[in-house]
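Reading through the structure tokens given below for one structure.
By written order: A, B, C and D. Residues from 1 in each chain.
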Amino acid sequence: MVINKISTAEQVIMKVQTGDTLMVGGFGLVGSPLTLIDALTRHDAGNLTIISNNVGEAGKGLGLLLRQDRLKKAVGSYFTSNREVAKWYNDGLLELELLPQGTFSEAIRAGGAGIGGFYTKTAVGTDLAAGKETKLIDGETYVLEKPLKANVALIRAWKADLKGNLIYYKTARNFNPLMASAADYVIAEVDEIVDERDLSPEEIVTPHLYVDAIVESRLILTREGVVERDI
Amino acid sequence: MVINKISTAEQVIMKVQTGDTLMVGGFGLVGSPLTLIDALTRHDAGNLTIISNNVGEAGKGLGLLLRQDRLKKAVGSYFTSNREVAKWYNDGLLELELLPQGTFSEAIRAGGAGIGGFYTKTAVGTDLAAGKETKLIDGETYVLEKPLKANVALIRAWKADLKGNLIYYKTARNFNPLMASAADYVIAEVDEIVDERDLSPEEIVTPHLYVDAIVESRLILTREGVVERDI
Amino acid sequence: MTFKERIAKKAAEQLVPCSIINLGIGIPTLVANYLDKDAYYLHTENGLLGVTSVAEEDIDPLLVNAGKLPVGEAAGASYFHSADSFSMIRGGHIDVAILGALQVDSKGMVANWAIPGKDIIGVGGAMDLLVGAKKIIITTNHVAKDGTPKFVKECTYPVTSTRQADILITDLAVFHWKNGRYELTELMGDTSLKDVEENTTAFYKVSEQLLEKRR
Amino acid sequence: MTFKERIAKKAAEQLVPCSIINLGIGIPTLVANYLDKDAYYLHTENGLLGVTSVAEEDIDPLLVNAGKLPVGEAAGASYFHSADSFSMIRGGHIDVAILGALQVDSKGMVANWAIPGKDIIGVGGAMDLLVGAKKIIITTNHVAKDGTPKFVKECTYPVTSTRQADILITDLAVFHWKNGRYELTELMGDTSLKDVEENTTAFYKVSEQLLEKRR
């Protein structure tokens, strides 16, 4: 019996249901699961809460879903990278939850690691800590932050084996390994599917127990922008 | 200007002062910095608090320091592996702080990551949560655990470059990368010092910013036990 | 087959292929012998997913399981540090943990880390596993060496967690936690219901199916 | 040399070799041009220690800094995920963060993430860096585009942290946080003390050494 988690974007994106909370990897478009997002634009799930550092760029990546009015709420650290987000927010069509980038990362890790909450000094005394519980620990004030979890995570890696072990490429790693740990169902799109003997056990970043499905990338980010490649 | 963190065990162990808190890597003797511990047995710092999963084995690794009466306190998860620990503890000559292994690991990570405390379900309702603060989060009870930090960390890795980038070997990784992040001064003993071009940027586990000094291992764990090798 | 092997084999039968499994020290370690190596993934909390057996001549002193015994590295294995390893456990990413126990009680509580009156100086990963694994299987002798029951009304030893064990497998019988109590679902070998009764102080129910079969 | 370059060069002079440095967007990015590449280690919070410049023909779209600009990979570089990256920042492992600012005030507070009346929809790593880096250097124009002072009595923009910035470097002068207030330690180019005074509403002290020099 050999496990094989390979699927197609069209098939596996059906896992996403209306009302779901989704984690989507990437720092802007770098390390963003463009193929899965594209499949999602052609799937009918709506009213989505997106946990992602950015909402892509204007009309790119997650920005496509915004234009389709599929998003209820976005949780992230830097929505400024898509100039259209502010408009939707001001029109009352999109809720936003802004977190410092380190708190955002740590909250996703906490979600995956079974941590019920953590104390950080980041944001203490600022508008982003308003209304949040604080605690004095060893003479310093910390703010309590809650874990983030999702129904489905869409992530992007470089190489996968059939079991779902993943490695990443340069700064396209970013939030992807964290999100792989914090969702009920994890879909990884990858450039290359390799034999498991081609991945060294010491260098695997995301062990296969975190990954439910693998899809080969069709849309990739190049110097010329997002392009379609033959697979 | 090229940085070079290589030192000798004898020289660098002088960083340890009487009364210090030390983190010491290893799961039993696997991944334990045997050369640095050996140097410590010949250095006169005493009254030490040791943060380590075990206190080595009877008369081996950290067990040597116990016999020298150099330890004030040990913080870890499994002291059972050294049968002498119970005797010292019962004679009132050694304080013990026992933590579940996952809480112990997470507390060291928290120490290194600037987290003031975290909530875990582990140990809730057991003797090991006695006296600890609890909190009800989304209907479940969690216990608050505090970060662990140290003055000096003695860790063991497989390969280092001159800057201090580290990779580990199989299950000898264990607590070492965590401890590298959570002490003011970090000494790594390694099997091999390599050119930085021999370590792939994607596979480095401990980036050099965590490491202050590198020492080549003289004492290594083999199938025949701890042996001295020529370096 | 020794009684320990019978318990281990029975535990193996409870597992679903492709599961991620963590095996404790003792009887649980034997469970690996009854699994298809390619269809199960063994996790050890000291930092390896993909534990397999190792031939004597291939033993590597730096490759061990949580019991500090030498193990091998399966195809597709990966190594990670202890915080990442316990994130897998605490975060609910381990499908099944198979553990030993000193006592299990009517309420499903497990005591497997400390004995009153003896020094409490070790816990290891027991508490994290009991809290975090999706399913808990306890494998143990039905009675202690001195003949006293281990499946008791209420644990007199310190509990390891407030979470129930899902399945209890002893040399006498198999019990499943269902609707707030244990149900005896299967007798081991030629054990009789009376044998179980005489060696147990815990409350349990005999399953309808089993009673049906015996009628 | 433009005034931005002068500010960046001055910031570079504050750095000790072998430091771990995080550079923000804008003027801070220019600081790299004045550093010996082999003697400083640049960290970018999106997951790279060992940022270096990249030739146009070597640009890799998947290798960028926190400003999403293409960068290169230095010898001895390493990649890590965002939680590990911010553990470095929050945990106090970054020696110096050089950041821009909208306002800095007499109490050392920095405002560099939001403008009242405008949408507050982005913060990125600013708050983590200000809380976590061992030393903070702020580089900025002394006045805003409309000529109003940026070094003010008290921030009217939302602050980024309650932690003081250690050094403030503008096109007019350099200020060091000392004993609970900023000390003007150096004038940039041919700036006079009067120039600084007229463009500043913050309280600051002129250092004894500077006054001595001017006598």
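Throughout what follows, contacts are C-beta pairs under 8 Å (C-beta built on N, C-alpha and C of every residue); 3 or more make two chains touch, one makes a residue touch a chain.
The shown structure was predicted, so the numbers you read here are calculated from the model rather than taken from an experiment.
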When I count C-beta pairs in contact, which pair ends up with more: B-C or A-C? B-C
Measuring from the mean C-alpha position of subunit A to the mean C-alpha position of subunit D, what distance in angstrom results? 29
Averaging only over C-alpha atoms, locate the centres of subunit B and subunit D and give their separation in whole Å. 35
Set of subunit C residues in contact with two or more other chains: 73, 79-80, 83, 86-87, 89-90, 131-132
Pull out every residue in subunit A that's touching 2 or more other chains. 106, 109, 113-115, 120-121, 168-170, 201-202
Chain pairs that touch, all of them, please. A-B, A-C, A-D, B-C, B-D
Touching subunit B in the complex, subunit D uses residues 17-18, 20, 36, 38-39, 41, 43, 49-50, 73, 75-80, 83, 86-94, 131-132
Partner subunit C, residues of subunit A touching it in the complex: 1-3, 109, 111-115, 161, 163, 165, 181-182, 196-197, 199, 201-202, 204, 207-210
In the complex, subunit B touches subunit A at residues 106, 110, 113-121, 135, 137-138, 140, 142, 146, 167-170, 200-203
Residues of subunit D that touch subunit A when the two form their complex: 44-48, 59-64, 68, 73, 79-83, 85-87, 89-90, 114, 119-128, 131-132, 158-162
Of all residues in subunit A, which touch subunit D in the complex? 27-28, 30-31, 53, 77-81, 85-86, 89-90, 96, 98-106, 108-109, 120-128, 168-178, 205, 221-223
